[in-house]
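In what follows, chain A forms one complex with chain B and a second complex with chain C.
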Partner chain A sequence: MWVWFSKLGSPKWFYELSGKWLPWLIAAMVIFMAIGLVWGLLFLPPDYQQGFTSRILIVHVAVAGTSLAFFPLMFVAGTITLVWRMKLADMVAKNAAILGAWFSFVTLATGSLWGSVMWGTWWEWTDSRLVSMLFQLFLLLGVISLRSALEDSDTAAKACALLSIVGCINVVIIKYSVEWWNTLHQVSSPVNMDASSPNGPEFWIATLIMIVAVYLFLSVSLILSTRNEILERERKAQWVQDLVLKS
Partner chain B sequence: MLDAIQFSSFAEFVDMGGYGFNVWSVYALFAIFVAVNLILPLRKKQKIIRQLKRRMTLDAEIQSEDDSNGD
Partner chain C sequence: MKPHRRKKLGIILFIAAGLSVAVGFTAYALKQNINMFYTPTQVAEGEVGAGQHFRIGGMVKTGTVLGAPDSLKVNFVTTDFVSDVPIQYEGILPDLFREGQGIVAEGEMDAAGVFQASRVLAKHDENFMSPEVKAALDAAGASADNHMPAGTN
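Presenting the complex of A and B:
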């Protein structure tokens, strides 16, 4: 276990292993994205109340749900960095913040585009779900600017791990906001596989496919940027120089 | 399977039951979001490799000049 753990922390080992995984992850991502998007745009029947705006929701729900994974991921990575001094975890945490900010922004924008026709408003300051998601975006932007401001990577890792705890608490607030404060944003619909109901299986399966596609995209993008980080930080290492010569 | 397509014409497909602007904006934004976060890291990798390569050739040249001056 410990051998495996310290191996995993080695940037070289991760670079080689992820290089083997990447083609498979990319292939799976392309397949799920294609199925999800074609289904979403061509086959998904209109909702009895929302019409074709339900097509917005399969994208919105997938991106929004996945965006909640970033702070827990950054917290785990930050803890590993501080406790076991694993450089790789710090590289993951750094790139996760940037990708997470993208996810939060797309969540807010797609939600607005849906709300503008279904709620009749683009934004509502009194809604807890909307505001807590905006807070997540600002927290992530804070983490990003903190990292670029602090040159000492050890201090940066500590500060970002601390902010990740706040972010994790906020994730819980985002998740339960619709139940604790019943304002504008609707609660998540129960999973319903009854084919005769208005929110039947076709909506759920389409959403599920999009969620898998978005998680695969998250992994691929995060692995790609972490590999770049490895090349930059380890540029003096012999294995990187060999790799550059071969390419 | 093609019967399950919800539209009978391309114009209907674009219109999305009157919500065309919102639906297409969301899918366009999603496409840009996915493309940017895959293409940028891939392009950055090429840039890093190019820079490292240049630096290594420079280092090798300096090294060989030093060697020839040493005699």
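Presenting the complex of A and C:
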């Protein structure tokens, strides 16, 4: 187990292994994304009250749910950086912060779009779900700027790791904000297989396909950007120079 | 695992656990401040001070919406099925506003006990239905009237 663990930490090993995985992941992403978007945005039945506006939520729910994965991911990567000093973990964490900020932004944007039509407002400062999500965006922007503010990359890695570990608690607040406090934002819709009651199978299966598609998109983007990061940081290593000369 | 790594891991877990407890207590202490709105029952129990600007959240009681024919004035009653609060509002209502629907209104109580709203927002619950399912449910007699907005408890 420890051999495998330290092997995974080797950038070269990760670069080679991820190169084999990528085509499969990209293929799966394209398939799920195509099914999810075409079905969710073009064929899903409208909600009886919201009309076709409800289709925005297929994208919103998938992106919002996935955006909550970034801090736990950065928590794990940060812990590995601090405890085991694994370089690869920091490379993943760096790109996860940037991707996470985009995911949070898209969550807020699609939510506002839906809210402006259904609620009659695109933003409410008093809603704890909305504000805690905005806080996640700011935290991620904070992690990104902390890294660029510190010149020594080792210090930057440690500082970002610590901020990611501390910031992880916000995910719990986002998740349970709608249950702990009363908010304008609705609670999560329950999973339901019964076609004759609210939230029937077609709504949540379409959402599930989008969630899988967005998670695959996350994986592909993170692997691609981490591979770039490896090439940049290991540019003096022999295997990277061989790779460049070969291509 | 080497001792110095074990120690570092311990410190990280301690920070994470300590922070969770601290945030948990803070959130609990701020419970009422973080709530977006008061329920009609809380208003009836006098939890809101006189003259205070606040938000109230509940359902639009069926059969209480009265619109003026020559202006945008509208009167309705909001309820959490325990207490009722009458609301007066002048302005454009969100499309989702209708009887039996959850709303959040912002404003203050007047001397007559009517909530003078300066803003009315529609609240949607977690239920999504296609028109076919809605029609089938109505036909079966299970109308959507028992949909309580989340948090109205």
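As a convention for this text, the second predicted complex is superposed on the first by the 246 of 247 C-alpha atoms of A that agree within 3 Å, B and C clash if a C-alpha of one lies under 4 Å from a C-alpha of the other, contacts with A are read in each partner's own complex, and residues count from 1 in each chain.
In this section, a residue touches a chain if its C-beta (ideal position, glycine included) is under 8 Å from a C-beta of that chain, and two chains touch if they have at least 3 such contacts.
Fair warning: this is a prediction, and the values are worked out from it, not measured in the lab.
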So, after the overlay on chain A, do chain B and chain C clash or fit? They fit
Q. Looking at the overlay, does A:Pro72 come into contact with chain B only (first), chain C only (second), both, or neither?
A. neither
>> If we overlay the two complexes on their shared chain A, which of chain B and chain C does A:Trp119 touch? Say first, second, both or neither.
In response: second
Value for angle(chain B, chain A, chain C) over C-alpha centres, in degrees, nearest 10, is 130
Per the contact definition in the header, classify A:Gly19: touching chain B only (first), chain C only (second), both, or neither. neither
Is A:Phe203 contacted by the first partner chain B, the second partner chain C, both or neither? second
**Message:** On the A-aligned overlay, A:Val178 touches which partner chain: chain B = first, chain C = second, or both, or neither?
**Reply:** second
* With the two complexes superposed on chain A, say which partner A:Ser247 touches: chain B (first), chain C (second), both, or neither. => first
Once superposed, chain B sits from chain C at a minimum Cα distance (Å) of 11
In chain A, both chain B and chain C touch residues 45-46, 117
Chain C partner, complex, touching residues on chain A are 45-50, 54, 57, 75, 79, 82-84, 117-121, 124, 126-128, 165-166, 168-169, 172-173, 178-184, 186-190, 195-200, 202-203
Listed in rising order, the residues of chain B that touch chain A in the complex are 4-7, 13, 16-19, 22-23, 25-27, 29-30, 33-34, 36-38, 41-42, 44-45, 48-49, 52-53, 56
Within the complex, chain A is touched by chain C residues 5, 8-9, 12, 15-16, 19-20, 23, 27, 31, 34-37, 39, 55, 57, 93-97, 101, 104, 119-134, 136-137, 149-152
Chain B partner, complex, touching residues on chain A are 33, 37, 40-46, 51-53, 55-56, 59-60, 63, 99, 102, 106, 109-110, 113-114, 116-117, 217, 220-221, 224-225, 227-228, 231-232, 235, 240-241, 244-245, 247
